[in-house]
Amino acid sequence: MQPEDSPALRALYASFEAEHLIPLWTQIDDLMPVHPRPKAVPHVWKWSHLLPLAERSGALVPVGRGGERRAIGLANPGLGGRPYVSPTLWAAIQYLGPRETAPEHRHSQNAFRFVVEGEGVWTVVNGDPVRMSRGDFLLTPGWNFHGHHNTSDKPMAWIDGLDIPFSYQNDVGFFEFGSDRVTDYATPALSRGERLWCHPGLRPLSGLENTVSSPIGAYRWEHTDRALASQLALEDEGFPATAAPGHAAIRYVNPTTGGDVMPTIRAEFHRLRPGSATPQRREVGSSVFQVFEGRGGVVLGGTEHRLEKGDMFVVPSWVPWSLWAEQAFDLFRFSDAPIMERLHFARSHIGADTP
Amino acid sequence: MQPEDSPALRALYASFEAEHLIPLWTQIDDLMPVHPRPKAVPHVWKWSHLLPLAERSGALVPVGRGGERRAIGLANPGLGGRPYVSPTLWAAIQYLGPRETAPEHRHSQNAFRFVVEGEGVWTVVNGDPVRMSRGDFLLTPGWNFHGHHNTSDKPMAWIDGLDIPFSYQNDVGFFEFGSDRVTDYATPALSRGERLWCHPGLRPLSGLENTVSSPIGAYRWEHTDRALASQLALEDEGFPATAAPGHAAIRYVNPTTGGDVMPTIRAEFHRLRPGSATPQRREVGSSVFQVFEGRGGVVLGGTEHRLEKGDMFVVPSWVPWSLWAEQAFDLFRFSDAPIMERLHFARSHIGADTP
Amino acid sequence: MQPEDSPALRALYASFEAEHLIPLWTQIDDLMPVHPRPKAVPHVWKWSHLLPLAERSGALVPVGRGGERRAIGLANPGLGGRPYVSPTLWAAIQYLGPRETAPEHRHSQNAFRFVVEGEGVWTVVNGDPVRMSRGDFLLTPGWNFHGHHNTSDKPMAWIDGLDIPFSYQNDVGFFEFGSDRVTDYATPALSRGERLWCHPGLRPLSGLENTVSSPIGAYRWEHTDRALASQLALEDEGFPATAAPGHAAIRYVNPTTGGDVMPTIRAEFHRLRPGSATPQRREVGSSVFQVFEGRGGVVLGGTEHRLEKGDMFVVPSWVPWSLWAEQAFDLFRFSDAPIMERLHFARSHIGADTP
Amino acid sequence: MQPEDSPALRALYASFEAEHLIPLWTQIDDLMPVHPRPKAVPHVWKWSHLLPLAERSGALVPVGRGGERRAIGLANPGLGGRPYVSPTLWAAIQYLGPRETAPEHRHSQNAFRFVVEGEGVWTVVNGDPVRMSRGDFLLTPGWNFHGHHNTSDKPMAWIDGLDIPFSYQNDVGFFEFGSDRVTDYATPALSRGERLWCHPGLRPLSGLENTVSSPIGAYRWEHTDRALASQLALEDEGFPATAAPGHAAIRYVNPTTGGDVMPTIRAEFHRLRPGSATPQRREVGSSVFQVFEGRGGVVLGGTEHRLEKGDMFVVPSWVPWSLWAEQAFDLFRFSDAPIMERLHFARSHIGADTP
């Protein structure tokens, strides 16, 4: 139901343009769809392609002040050449050569790292050196100084996740340079934050004020693995413990609140038993998965993709997805769910779509 | 500090593109600025231009199913022709001719109306008819059915505010048609929501569950005006009551929580004494003001604008602004502050910028 | 199942006593009953008895520093001569003769007043004079200085409610004398707190910090009465609004949170239509009611009591109660429900007891 | 300032008594003291006295349905022969002989156990068997079925803490018998709750709903010890980690919220370096300490007490206390602080009293 074309209407529209106005009635179908119609598309990036490109970057691109990080962002093919894996999230592979240092800086954007393989790098967060090893999930929440350095003779690659697109789009970001080197080159097995906070159910009296983001700098693989194995063992013994039959899962949380690790990013780890699958699910908001171990696949927006270690894929808002495991299948996941929940836009639909 | 150009680098960049990857080091200056550098620009829309265009639309553009509303959106000149007053907010002038009805629908997007002049329209929210009159602030929070109808022989115009850009950008919106007519053509002076909820400090026992958005459909001008007048009178009597000397202000709140009326939108009303001014202020997040009454101006990003009744202006993120009043000066304001606060991106700076 | 008596057992028990020990096994039936077995008993105090005693006190007992208040506390007959209406609550009739002043003091204990009849007294809370009139509910939350003075030539009586027994039992109370006179003898119709806060859904920008107790000093009868009348009118029109059919009710709340007015005391007002009754109800925690107007009765622990204006009764924990209205029946209620809810001891049972 | 004695006054007082009324002016000095004046007194119970009495009880007193538990409560000498260690808290030594079972029951009262020495008993909480060993802190929050059984050939003693006095005084308690035996005689090293929840910073997706009390049944000594040792090591390295110099401390928390383990009881563990001491401190609310290991003392209400392993002492409200350590000194502490904080009665004063 649009107005009939006429010279008067065209004159009106020209006046609109002159006055920086746009009518709703010509835009509403696009602006307010019946359900989310993301421009972002489902996409899979293969680790077997990502890692060699990161290695080539290692040879050609220095790391240092200005460029700041040798990080290569996943650019959603639907988002017009922007370095956004989704409208809210940034995901990248970062690469640090032997003995290299990525200088310290801080920014409003919340960041984490997840290590699918390798070791030898320490990230220094507000002066606290944090070891990075396979399976670890590491935090650098907004406005914490951080830099990285590789103590070994081998390069190391990992993934970074941030809320850069959200921050950019909404004009919320501040950025500040720190030391050109990291402020502490010590290489302890455990960071000070872990030593203070990683005792289950125990809170230091020196840390009774709740914090916006988790004070834990590193969530170690040994804990994640044990938590998931325990859930499956409990399921075997007949007790409720898993997220769904055959599907163990944990969420990384802020121990001061029990809530998400950072205000904009949720992170989880999922383990599927061989032969299991998850029901089709749609959710408001976008997610990125990385395969940590095992073999299986995802049906993503109706298309099936086989997945191997290190492969990453993005699930845009309201796109249906389901996982299936050929072998025991371990996946790291992060998403913008805290944004959706805090602003009360979260919705999900499990099962086949209604006609 | 960028890598030196070379055939190998160009080949690497071509490989990135082929694999849907974008390096951080070429983007970081734009992506992660030192402070917010909004693409949105400060801008003023004059009521004396808006209203005649709305009236011309009234003659040329039907209102009904499909187009849904005769609303004309303020398009920030910096946002590339999108109908966004800021990256998060939509602001529009809506116009309803004598005896017209805008059909019912509902959507995830949160909406409000503010009436700078006129009367005669009722908005029907989930079946509850709500009178619209000068100075009233009216809510249609996400997923509530609503339609409007004009009971009088005169047209009426008002402003709409929504979180359409945020919703669009982040793919969170759902939309559903309702009745083609409004479901109740009664024209009570007070809506049922007001009769249940608008008793200061009193909560019905039938409404003890907290709600995400305010259950009050209309915040009446008589209450707003009296609250502001009381603050100034208390100030005259020597008691703390105003936001700052000479500056009375209220926030519209959800009585079940004391917090903002909707999860994404804050609304306030400000009254400045003649001759007073506010200090320069920068804030993360964007705001829109509309002059309700009086005469004065705004210094916005370093440029001074004189303002009259109905004039609207947008303050993009981190752009400095200050108001000054020639006569008693009343302004309605709405913003995306709840988004910034809930996601912990809020920051502000009052006073002259540090060098 | 108790141990058999023997010299050895008696010697053991003597040793317990010598060491300040008491065995659980001899106490458990009393200490941990199957359901609450309050020592407090249901009781009704008739206004026709209370008021003459208050008047006689006016003639014989001075009001001033030391005794502080001419208040006469309701002493639950089951509580061994302590001035406690229940284990948590104090309720009293207070009486102030013409032109008398009760001096200022402050204490940790939370206090309120409710006025069943009369006028002419102002209570001064932290320097803010608050008029007291029929139907008003007035707050003096913990640690606020307060005094009262009678500006008229007639005496005035009202009821006080506090958490004195809870405070005494748990050793939480502090007390401090203030001015021997009230600090402001002005007699404004509205207190400054009301002028700042009593605008429905509007919050002053000068009051954005949430407060433990309500910033409203007086909840006026006109608002309470209108809120209740609106609920019944909405019910007549066919809309959900009342607590139960024929039963309108409001809770007095803190506008900064939507929650109870003070951390330990809940206050409500109930209105029953003529001929209506409430179902039998048991609740954990204790309540006190005062009839404000009308005629009806209460069935309290199985005994029926007819009630008239000013009559007060206490409902100890888990004692069943139901109200019935002969005429339109208005009752003020206060309770310790916030204690029960915050500590997660709240439970209720509606309807006839299960066998 | 009391009224003068007269026949009329005596008649008035007699009328008060007849009507179940008590005047405030004769009571206020006792009822509303300048600061808390607890009837409870500071007291120390020596483990060397407690344990032999528990052993004698083991010989003389059966454990089973009716008596329910072979628990011997600490009776504060100031509380008139009631089995209350303070007005809010119950503390007891419980003793279970070889192969004995204490039957299952549940109650509103929140309970925990702390093990100063021994092993061999499992407590079964809602069917989940939980091993009890030296240094462990174990929960049975309100309304969870629980029983105990000793799997060994040796007796075992531990301490129980509950909110029985609070519950009794305020009439909030419900009680229900369960199985006469425990429902699961398995003796796993870790309970199911621990296997699901005791992974630092990780939350099972099957447990995303927050719970009123902690889902962790046992807080193991190895974690507590490591947390405390880490704090002292960090302090040695020059980083902030301890509650005060030389004073490591943790609070046991609910991992779903980061808050106290149960709504009425706080539990903490404190470790003092040899030669260190804590400043004098007064707090609203009452606490109980038990020495876990080491040697030192407490100055409690001005009196010094030397303390050894197992010794217990109570700190009534607002009584000053300070600890000093001769050797490394480990103490378990529990208190009613959640009550005080949730009801906003909490206050503390550190340092010498002001004159």
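Note that the chains take the letters A, B, C and D in the order they are written out, and that residue 1 is the start of every chain.
As a convention for this text, contacts are C-beta pairs under 8 Å (C-beta built on N, C-alpha and C of every residue); 3 or more make two chains touch, one makes a residue touch a chain.
If you're wondering where the values come from, they're calculated on a predicted model, not measured in any experiment.
Where each step is a move between two chains that touch, what is the least number of such steps from subunit A to subunit C?
2
Please identify which chain has its centre, taken as the mean of its CA atoms, farthest from the centre of subunit C.
Of all the other chains, the one whose centre lies farthest from subunit C is A.
Using CA atom averages as chain centres, what separation in Å is found between subunit A and subunit D?
Between these chains, centre-to-centre, one finds 43 Å.
From the mean C-alpha coordinate of subunit A to that of subunit B, what's the distance rounded to whole Å?
Roughly 31 Å, centre to centre.
Between subunit B and subunit D, what distance separates the C-alpha centroids? Give it in angstrom.
The computed centroid separation for subunit B versus subunit D comes out at 52 Å.
For subunit A, give me the residues that contact two or more of the other chains.
Expected reply: no residues.
Chain touch graph shape: choose line, ring, star, complete or other and state it.
ring
Quick one: which chain pairs are touching?
A-B, A-D, B-C, C-D
In their shared complex, at which residues does subunit A touch subunit B?
On the subunit A side, the touching residues are 1-3, 6, 8-9, 12, 15-16, 19-28, 31-38, 40, 43, 45, 49-50, 53, 56-57, 59-62, 64-77, 81-83, 87-88, 92, 107-109, 142, 164, 166-176, 212, 263-264, 284-286, 316-318, 336, 338-340, 342-345, 347.
What residues of subunit D sit close enough to touch subunit A in their complex?
Within the complex, subunit D touches subunit A at residues 192, 195-206, 208, 210, 214, 216, 219, 223-224, 226-227, 230-231, 233-234, 239-243, 249-258, 261, 268.
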